[in-house]
Amino acid sequence: MFARLLHALTPLTASAHCDLPCGVYDPAQARIEAQSVKATIAKYNASDDEEFRTRAILIKEQRSQLVKEHLWVLWTDYFKPPHFEKYPQLHSLVNEATKLAGAGGTKGSMDEAVADQLLSKIDEIAKIFAETKKA
Amino acid sequence: MFARLLHALTPLTASAHCDLPCGVYDPAQARIEAQSVKATIAKYNASDDEEFRTRAILIKEQRSQLVKEHLWVLWTDYFKPPHFEKYPQLHSLVNEATKLAGAGGTKGSMDEAVADQLLSKIDEIAKIFAETKKA
Amino acid sequence: MFARLLHALTPLTASAHCDLPCGVYDPAQARIEAQSVKATIAKYNASDDEEFRTRAILIKEQRSQLVKEHLWVLWTDYFKPPHFEKYPQLHSLVNEATKLAGAGGTKGSMDEAVADQLLSKIDEIAKIFAETKKA
Amino acid sequence: MFARLLHALTPLTASAHCDLPCGVYDPAQARIEAQSVKATIAKYNASDDEEFRTRAILIKEQRSQLVKEHLWVLWTDYFKPPHFEKYPQLHSLVNEATKLAGAGGTKGSMDEAVADQLLSKIDEIAKIFAETKKA
Amino acid sequence: MFARLLHALTPLTASAHCDLPCGVYDPAQARIEAQSVKATIAKYNASDDEEFRTRAILIKEQRSQLVKEHLWVLWTDYFKPPHFEKYPQLHSLVNEATKLAGAGGTKGSMDEAVADQLLSKIDEIAKIFAETKKA
Amino acid sequence: MFARLLHALTPLTASAHCDLPCGVYDPAQARIEAQSVKATIAKYNASDDEEFRTRAILIKEQRSQLVKEHLWVLWTDYFKPPHFEKYPQLHSLVNEATKLAGAGGTKGSMDEAVADQLLSKIDEIAKIFAETKKA
């Protein structure tokens, strides 16, 4: 089932993420890291082990950073001027999403709701991404 | 369409990739990098610009390394002894896949067929992964 | 002289670049890397040693990447909604600057003029940055 | 015993650890990091300074990760199919060793005995490595 | 004003920091990171939020490491034998500065005075650097 | 001679290489990377495959950088003022060794003799290191 879905998905997501560019971009990369951030927050809140909680903070810091990096790559390397014209909110959207993965977002918070806001923003970006791939 | 597929996919791929562990693992991470490797090889072969080809070699080296790292994480952090018992070929499979992303594979080759072999191996791992998630 | 200039400069540039945030941001970080990119291009064009030229390509790749990262940090971590309101061109400006350090810019080119365009864009961002620091 | 083996091993160990491959591999790389993990745990347990203990947790996280990476390189890049045939336990051994440097091992524990188990596993791998170098 | 200072500064600081070498070195890189360390210590001491303080410790660790790396590059890549002859204290000065960014300095301390000592040492190095640039 | 020293050294080398500090330092880390550099140069010179040679250049760049980093750690973190007093040549020795792993050394050269000079310098540092461990 997974394999079938993965295969079904693959042609749609053939886009570019390295800066050759290779032409392979995929918002799933940011989403996977954001899910990790959310799960880490949940585990942190469920634990009262100080060592575990310290590890959770540092891992959340790293994963939030990866969310930012994957979104920056989409913003700079995938999206082109015509996309920004067609979606005038796109600059703000990515800016807000990356802020939500920073000090004012999941880096600085242990509230799962903040991770959910981040995931929603990523989904909005993924929706625009998917539309531009079809165009 | 992409968004719907992504959402359909998400529950299945909610697994662990950081080493808290957060519990979020996804073979798609390795697959995206391997697709990048394949696309980079194609662009290399289609170009006769020496600077571009040098850049392609170094980017392919980095992306092949990421394939290895994502697969190693699955092998060490996601798969557990019962999985290795149920799938006796799993050790060899991951070992061969990571070798296919190394010097004897996509790092050392500019043959797209090698990248296809790597993608096939990743798909075999993804298939086992999907079965263990359902179990 | 340098020390005096450095000191004179310091109060103006006391801003934030890590994501605590510590509050220390400075467009000079991006500029130094861009100067390195420009100097690397010049040395590449002046050399006919194949090994040296290969090294120049890979170092230019790394330094261009650092330019992008420093600019992304300013865009996400330093600039706030009121800045984007006051400077409506700011989103496009940073987007164009980071593109100029990518595949369509200094990563993909051995033309010093491209590095100069990148430096000009960084200076435009630095000018806005300086104005917001005074405000 | 290990020390003696390590000594016997050293002249032989001119082998490969980068993925050219250069042919220079050495289990000492993983062992040095594991010794660092053990020493860090000892210092953590001997201290009641909260800042120091937080630093110890993050350094132990990094060094445990390096143990995993060095062992993965041996498993994928140095060991070949004939080695896995001759030493049928080798896959499990490396898998267990890397797990011992992860969340269920030294990353997730402040027990020196766990670091000792990790060191023992590395010694078992080093013994096989030494035998294959002599063969 | 900032832009003018930056421009005034640039000719003096056109030196080398990557190892092509590109010829662009600048002690400002170490200084910016050290200012970040100092600001992080101040924010740590002003906060009683445990999560924030843990984040401050790990960020201070990273930024102190960057100070060390930027200074090592100056010591090895920029300064040449004639500089060490003319400034016999230069070896000790850089050694002490890098120690001040390590375990016995800002990594291991939450005292702002330690960060100030580090900044002073960097300024001494920057002064010598500026003199060698004029020579 | 070095091999004998290394053997004598090993039991003593439980010392510090991370910056907690954990107390585990070992010049073998720099030596392994330098051996890799030497082997990479030999393979480069024996090959006329352009892709392979490009890969060799980039791997040599990375491994030379690791040599520098391991030596810098010894210089800043392991060696203390009494060592520099007892071995007045130690500053220059480490400075020269790190330069030999840089642009004027193994990064910028494809001459195996340069790698041998680097290895000799590392052996001189290792000899002093061993003496300080016994003291």
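Per-chain residue numbering starts at 1, and chain names A, B, C, D, E and F are given in the order in which the chains are listed.
To be clear about the criterion, contacts are C-beta pairs under 8 Å (C-beta built on N, C-alpha and C of every residue); 3 or more make two chains touch, one makes a residue touch a chain.
Everything quoted here is computed from the prediction, not taken from an experiment.
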Set of chains whose contacts include both chain E and chain C: A, F
Chain C and chain B - chains in contact with each: A, F
Result of counting contacting C-beta pairs for C-F and B-D, higher pair: B-D
Option reproducing the contacts of C-E, where over half of them reappear, out of B-C, B-F or A-B: A-B
Taking each chain's C-alpha mean as its centre, the one farthest from chain C: D
Chain whose Cα centroid lies at the greatest distance from that of chain A: F
Interface residue identity across copies chain B, chain F - same or different by half: different
Intercentroid distance (Cα basis), chain D paired with chain A, Å: 33
Inter-chain centre distance, chain A versus chain C - centres from mean C-alpha coordinates, in Å: 24
Separation of chain A from chain B, taking each centre as the mean of its C-alpha atoms, in whole Å: 19
Centroid distance [mean C-alpha coordinates] between chain E and chain B, Å: 40
Touching two or more other chains - residues of chain B: 19-20, 52, 54-55, 58, 107
Category of the chain touch graph - line, ring, star, complete, other: other
Full enumeration of touching chain pairs: A-B, A-C, A-D, A-E, B-C, B-D, B-F, C-E, C-F, D-E, D-F, E-F
Partner chain C, residues of chain E touching it in the complex: 1-3, 5-6, 8-10, 12-14, 16-20, 22-24, 26-29, 31-32, 35-37, 39-40, 43, 52, 55-56, 59, 62-63, 123, 126-127, 129-130, 133-134
Contacting residues of chain D [partner chain B, same complex]: 19-21, 65, 68, 72, 75-77, 84, 91-92, 95, 98-99, 102-103, 107
Chain E-touching residues of chain D, taken from the complex the two chains share: 51-52, 54-55, 58
Touch list for chain D against partner chain A, complex: 54, 57-58, 61, 107-108, 110
